[in-house]
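Mind looking over this structure? Questions follow.
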Amino acid sequence: MIPLEHIVVLSVFLLSVGIYGVLTQRNAIRFLISIELILNAANINLIAFNKYLSTPDGLGQVFALLVVGVAAAASVVGLVLIIAIYRLKKSVFTDDFNLLKW
Amino acid sequence: MPNLLTIIIFFPLLGGLLISLIPRRNESIIRLTAVLFNVMTLGVVGVLCTLFDRTSSAVQFLESVPWIPDIGINYIVGVDGISLGLVFLTALLGLLAALATTSITKSVKEYFILYQILMTGMLGTFLALDLVLFYIFWETVLIPMFFLIGIWGGQRREYAAWKFFFYTLAGSFVMLLAIIAIYFLVTPHTFNMLEITSLAPHLNNNFQCVLFLMFFLSFAVKIPVFPFHTWLPDAHVEAPTPVSVILAGVLLKMGAYGLLRICVPYFPYALDYFAFSLGVLGAVNLIYGACAAFVQTDFKKMIAYSSVSHMGFVLLGVAAMNSTGLNGSLLEMFNHGIITGGMFLLVGVLYDRAHTREMTAFGGLSSTMPRYAFFLTIMALASFGLPGLSGFVGEFLSIAGIYFTFPWLAALSSIGLIMVVALFLTIIRKVLWGRPQSAVHWPDMGFDEMILLCPLVLITLGVGFYPEIILQFQRQAINLLVRMS
Amino acid sequence: MNSSISFIVPEIILCTGATALLIAGAIGSRRRLLNIIAVMTVAISFFSMFAVPGNIHSVFSGMLINDAFSYVLRVFVLVVAMLSVLMSIGYTWPQEEDAGEYYFFILLATVSMMFAVSAGNMIMIYLSIEALSIISYILACYFKKDVLSTEAGVKYFLFGTLSTGLMLYGISLVYGLTGTLDLEKILIQLKVLEGYAPVLGLAAILIFAGFAFKASIVPFHVWVADVYNGAPWPVAAFFSIGPKAVGFALLIKVFFGYSLFLSSIWTGIAVILAVATMFVGNLSAFHQDNVKRLLAFSSVAQAGYIFAGLAMGLSGLKAAFFYIIIYTFMNMGAFACVSYLASDLSDIKALRGISRTSPAGAFILSVFLLSLAGLPPLAGFWAKFFILCSIIDARHYFLAGILVFNSCVAFFYYLKIVRTMYFDEPLSTVVSRKTSYSTLIVLASCCLMVIEAGIFPRILLDFLGLLFH
Amino acid sequence: MVKYVYLIPIFPFLAFWLNILLGKQLGRLSAWIAIGASLLSTILTFGIFFGMVTANVHNYTCSLGSWISINGQTLSLGILVDNLTLMMLSVVTVVGTLIQIYSVGYMSTDIRFTRYFAYISLFMASMLALVLVDDLLMLYIFWEGVGLCSCLLIAFWHEKPAAAAAGVKAFITTRIGDTGLLIGILILLASGHSLRFTDLGAVQGSEVLMTVAALLIFLGAMGKSAQFPLHVWLPDAMEGPTAISALIHAATMVAAGVYLVARSYVFFIDHPLALHTIAVIGAISAVMAASIACTANDIKRILAYSTISQLGLMMLALGVGGYVAGTFHLMTHAFFKALLFLGAGSVIHAVHTQDIHQMGGLLHRMKVTGITFIIGALALAGVGPLSGFWSKDEIFIALWQSGHPVLFAVAVLTSFLTAFYMARVIFVAFLGISRRQQQIHESPLVMTIPLIILAFFAVFLGFLGAPWCINGAFQHFISPAMHEVIHMNWGMVILSSILSLTAITLAYLIFVKGFRLPSSGEQYFVCFYKLIENKYYIDEIHEKIFIKPFHQLCSLFKKFDCMYIDGVIHAVATVTAVMASYIRRWQTGRIENYLFYQICGIFILLMVISGKLCRIF
């Protein structure tokens, strides 16, 4: 069996990639993808912990499923918003969203 | 009347509420209502004075209602010899200032609403005996004052209003911290000022000193004590006449009153420790105020700085820590209220005619406005402490008090005595003497203006001739204060 | 199960009403009807709170908890919803939008807030926060054609998803450490987890960041000004009180009730963040000429005060609670009043000389602003006073000093608005405002609350005393 | 009768209020109200005077009620009537009444006629009360009162800038002395002593402190009596109406300083250092002022310096123990100096100039004025047997007996100079040829009658104290404890007669015959003359040492207020504002920055929690 540590390292790696993406990407779509990576890192954690815990009751897996659903909803809303702003600004680059400041 | 003090405090507010119901176009009715309410307030205060037992040092007419029992905040009001004179002063100047509002023509309704709130705040400050209540009334004064200066003031009214507001606000916030700190330091925890009087002196010395300084800072801004005084000339100058009267006559006394009510009885060790510094500040105030006033070109500013100077006597009296000094201090507060109130009224009279306050615009009024000259001369003489007028008694007692404690300070302050004379004689010389500056002759004071000054002049003369009129009310309370500190 | 259902009756009513509104809006009902339905739904839900059984501790196998804390907060959330709905009715919408949809989102946001405050499980917390966030994104860009509104939505979305995503990661770590997501069980497990402190700390901070984002604690506050600025007035008002209260409620619940942080470190962190929040909020508001942004930053600063109270243990908790309630009314009142007086403009110039044209409005707005500033005897003073009491009681004199300094700064910008209304000459154009009853109700109730709680704070305190006895 | 003594100041006081409040309505009647009031006071004074003398009562005290209590002592308004009081009362009421009558004529054309009489009534009231009260604090109160009246009356013609400035200067300068007096009173109070004059002899306490107290009290007297270096106000005070100069600045108020020293003499006696100081200050003032008077050209200023000089002589006498001499000279001086001033006033009234060189030959045009003036001048010069002669003699004797040769020499020199400058005035202004074309008329009767009455006193008052006449009645009266018989000191009589005659002769040679010094001495003399003509530059020194630094201090404080205190306040505001605008820029509007903040925040919190930062807190 793969040790828990490996999976946790994977999840941390995914988290790091997600955060890196969030901090560096200017494209809103790429940003969305990075967020998904973070969510999935958490999901991996949840499932793995559920598996390796002494009393597996399926809680983590259920939660992961819920997260997938919620993340989908969030992505939808996000995409809608990005489309809405693309209509107005003809851009999906976050640098251009700077009317509101100071 | 069991709730006499509550009536006194909230009666003006009631007037304000009533005024807010009057349509704004009925200006004369608004004015009349305001005056009427102030007359009645003064009447009730008069009743209070007659019912007051002057042989007792205790707090009288005590009312105590639990307010926020969780942390022991109560609505406690009471009057003793220290506050009685100031309450009377507030009610009297309140009435006079409400009468002296002919120059207020803009938004009369708002003016009087704010004015009535201000009255409540001031009366409450003098009568409250719970620290939180005291603080609330103290702060209540702030906003009406900000508006009264900021809306109805002179050229630089906004600057003055902001400056006044922030100076005082910063000070009062420090006081708030001190109030809360003292609550947690005394056991049992209480905000009751009378209970703290017996509890606070047992605090350890460091706490006493720190708390003393915090309270003092707040009061120092209000008094004002050098170097926290620069709001005063601006605020006084820019405020309209009646507001200047209240500012100088009553507001400054709030700080000094706090000193007597809180700093002196609560922190005997700290008072002892800081007495000399306090005295030095008093002397500095006295000299600095007089000097700074001397070179001003604005009549009102001169009077304003002279207030700084006069408050030096109050500080000196407190620093003396003996009954002579404290009596002098308290009496000087009362006298200063009367005299400077009158002075500002007189400046207002001139401003209404000349529309300027530059000293160079005046001169020779002694010949063209003899009645004005009469009043101004008496007020100026009283200001510099001519014996036989009220100013002298307070100043003499303060100086005597400080002499008994710190002789050298008395010697230093006596330089101030000379400077004050120079200041007021210069005012007389520039305003009343000389050839009339302007070709236009201003009409002499009318009946309406004289009626405002007459009570002040009478009190000035009365107290000067027979100071017992005031002293008899305060003596017992001061004695108690001396015993405590 | 029966009791579980009866427990969530108010939420069910809200959901039903929301669905009805959505349908009614879609079939083109008149706005008036939608308004009535929305108000009625919230009102019925409010009254149904009285029917919630009090004898059960938890429902849905511990997902929701029924204690005094959550009960009070649910009622409170409903009050917030009512105020928001009323304000929305009175608000002059610049664009003809689908009101049914709007109320639908508001009511759903209310439902998710109610779930959040009564949550007993991390899953529930995550779900309700995420739901609240998603609805908020949509509400923020409610004016789809408006660049500002859309930008606000996008920014909110980008910021919010990252926050909730990280929070989720934190929750997953907690799950890994304790093997459970039930808050009470976590509490038991935590006691044996000394060795895992660093990981637990990471988890706690990620979760904390998620809540702090809602409560707008620095540095998780950056979205606040931009989103409030872009969002419509009633939405901004709603954001400034609803989600923020929820954020604080969760902070209290998770970090106090279940002490997810080690308490000794908690105080230090909370003090630093409170100070930072106060300073950043107040100083950013200092030069604002945009009233909406000004109020946004002021709400950040207010969060700082509340948080400072929270840092001070139990007495501070009560003070913070008092503050949140008072804050809700005065902030709501301020938003409603400005939006009413400035006729949807957010520049401070729109308020010039308002005192001449609308003296009562100017007076009421001054009451709210001065209460926010903490002037006695208004309610805001007591709120600050109790916070200060708790701080000084805990001997954090330095923090007390900073709070007081910040109050001074805050006085400046609140008074700046007041002075604009009273000192300046009115604009030449005479604007005619449409005054609706609902606006009046909002203003009057908030104003009364602010003054009443200022003169008799005891009533509210006694009420809170029940909560914390 | 003596129990009505408190009415003496009350009459003028009532007259003051009547005049000040109803001035316009009363018109010229106000003068007669004032005069009536002081006549009543005069009558009452003399009634009491004779009542007490015939009953052989030397002392009367009574208390009119308590005023204030300090340091455990109750200070009450008390009255002390003894022979010194009676003498002062008589002088003040008589001279006061006469001068008021004179003023009716002198001020007849003035527009502020009623106010003049109001002020003068107030002055009379304060002065009489000052004389009557029995303790130092009460004295201080009325002391300030007379000072105020003096100031108001000096500046009576306030349209003249010089008059206004002189009024202010007078009050401030005397106030410096008064402050000393106040501190002196406080020293006595603080050491628990009674402030009553009758108890001052029993004062115990540290010698140094009490000497300081005595010196401070004398400082008050210096201010009032215009003694060096506080004398600068008196010459300027001549800007006031001449009648005022006569009443206040010659006869009564300035004598109050001497009165104060005489009144608390028992106290000074115990502190020899203080007494010596009095003598020295008196001597300096006497000779300095006399020398200045020799060079002055303004008739009133000559008289003013003469007053300073004569007051100096009185102080000198008191300082060496010549109590009787001092008070005697005080009395005689009051009359003849009032006479001289009134005479000068009469002259000025007629010729409208004060420069003696523009006068001349006045004696022929103004017979009454001229003759009375000359009588006064001779009395002042100490020509026997006029009153000044006798009192000056007393002073010489006192000095001689005290055994201070220098002080005696100073007195002799002063006396010589006095005779010289008075002779100068007479020769230049009254004799010789007229230098003016215009018609000069004698003043009206209302002015000349007081002159005549005063001249009568100037001639005969001295006999009260002349040893051969009624056996030194004055000496026994003023100092009832003295019982020895007074003898004529013929040596002194001869000395002073020679002195005055020489001086007059010298003046005659110089101013009538045009006698000049040999040119070799001239050079040296010119320097000296210049020094004197510029009044020893004392005004300039005052200006340099006190007034200019004061003004500089004032400007400094004003600047300090604006620049430093307000500067700090504004700096605090500016720093906040700058910080605010800086922090505001953090809100860049770019979402990537926001996310960066968020991640950073989390990292910082992590660091804190891992124990690296939390130690700080």
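The chains carry the letters A, B, C and D, assigned in the order they are written, with residues numbered from 1 in each.
Everything that follows uses one rule, which is that a contact is a pair of C-beta atoms (placed from the backbone, for glycine too) under 8 Å apart; a residue touches a chain by one contact, two chains touch by 3 or more.
Because the structure is predicted, anything quoted here is derived from the model rather than measured.
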{"item": "Chain pair, B-C or A-C, that carries the greater number of C-beta contacts", "value": "A-C"}
{"item": "Between chain C and chain B, distance of the C-alpha-averaged centres to the nearest whole Å", "value": "44"}
{"item": "Gap in Å, rounded to a whole number, between the CA centres of chain C and chain A", "value": "26"}
{"item": "Chain centre separation in whole Å, for chain D relative to chain A (CA means)", "value": "98"}
{"item": "Whole-Å separation of chain centres (CA-atom averages), chain B against chain D", "value": "37"}
{"item": "Residues within chain A bordering two or more other chains", "value": "22, 94, 97, 99-102"}
{"item": "Chain B residues counted as touching two or more neighbouring chains", "value": "166"}
{"item": "Sites on chain D at which at least two other chains make contact", "value": "584, 587, 589, 591, 595"}
{"item": "Chains that touch, pairwise", "value": "A-C, A-D, B-C, B-D, C-D"}
{"item": "Chain D partner contacts - residues on chain A that touch it in the complex", "value": "19, 22-23, 26, 94-95, 97-102"}
{"item": "List of chain C residues in touch with chain B within their complex", "value": "355, 359, 370, 375-377, 381, 385, 388-389, 392-393, 397, 400-401, 404, 407-408, 411-412, 415, 419, 422-423, 457-458, 461-462, 465"}
{"item": "Of all residues in chain C, those that touch chain A in their complex", "value": "123, 126-127, 130-131, 133-134, 137-138, 141, 144-145, 147-148, 150-155, 157-158, 161-162, 164-166, 168-169, 171-173, 175-176, 179-181, 225-226, 229-230, 293"}
{"item": "Parts of chain D lying in touch with chain B, wherever the complex brings them together", "value": "20, 23, 66-68, 70-71, 111-112, 115, 140-145, 148, 151, 155, 158-159, 161, 164-165, 167-168, 171-172, 175-176, 179, 182-183, 186-187, 189-190, 550-551, 553-555, 557-558, 561, 565-566, 569, 573"}
{"item": "List of chain D residues in touch with chain C within their complex", "value": "576-577, 579-581, 583-584, 586-587, 589, 591, 593-595, 597-598, 600-602, 605-606, 608-611, 613-614, 616-617"}
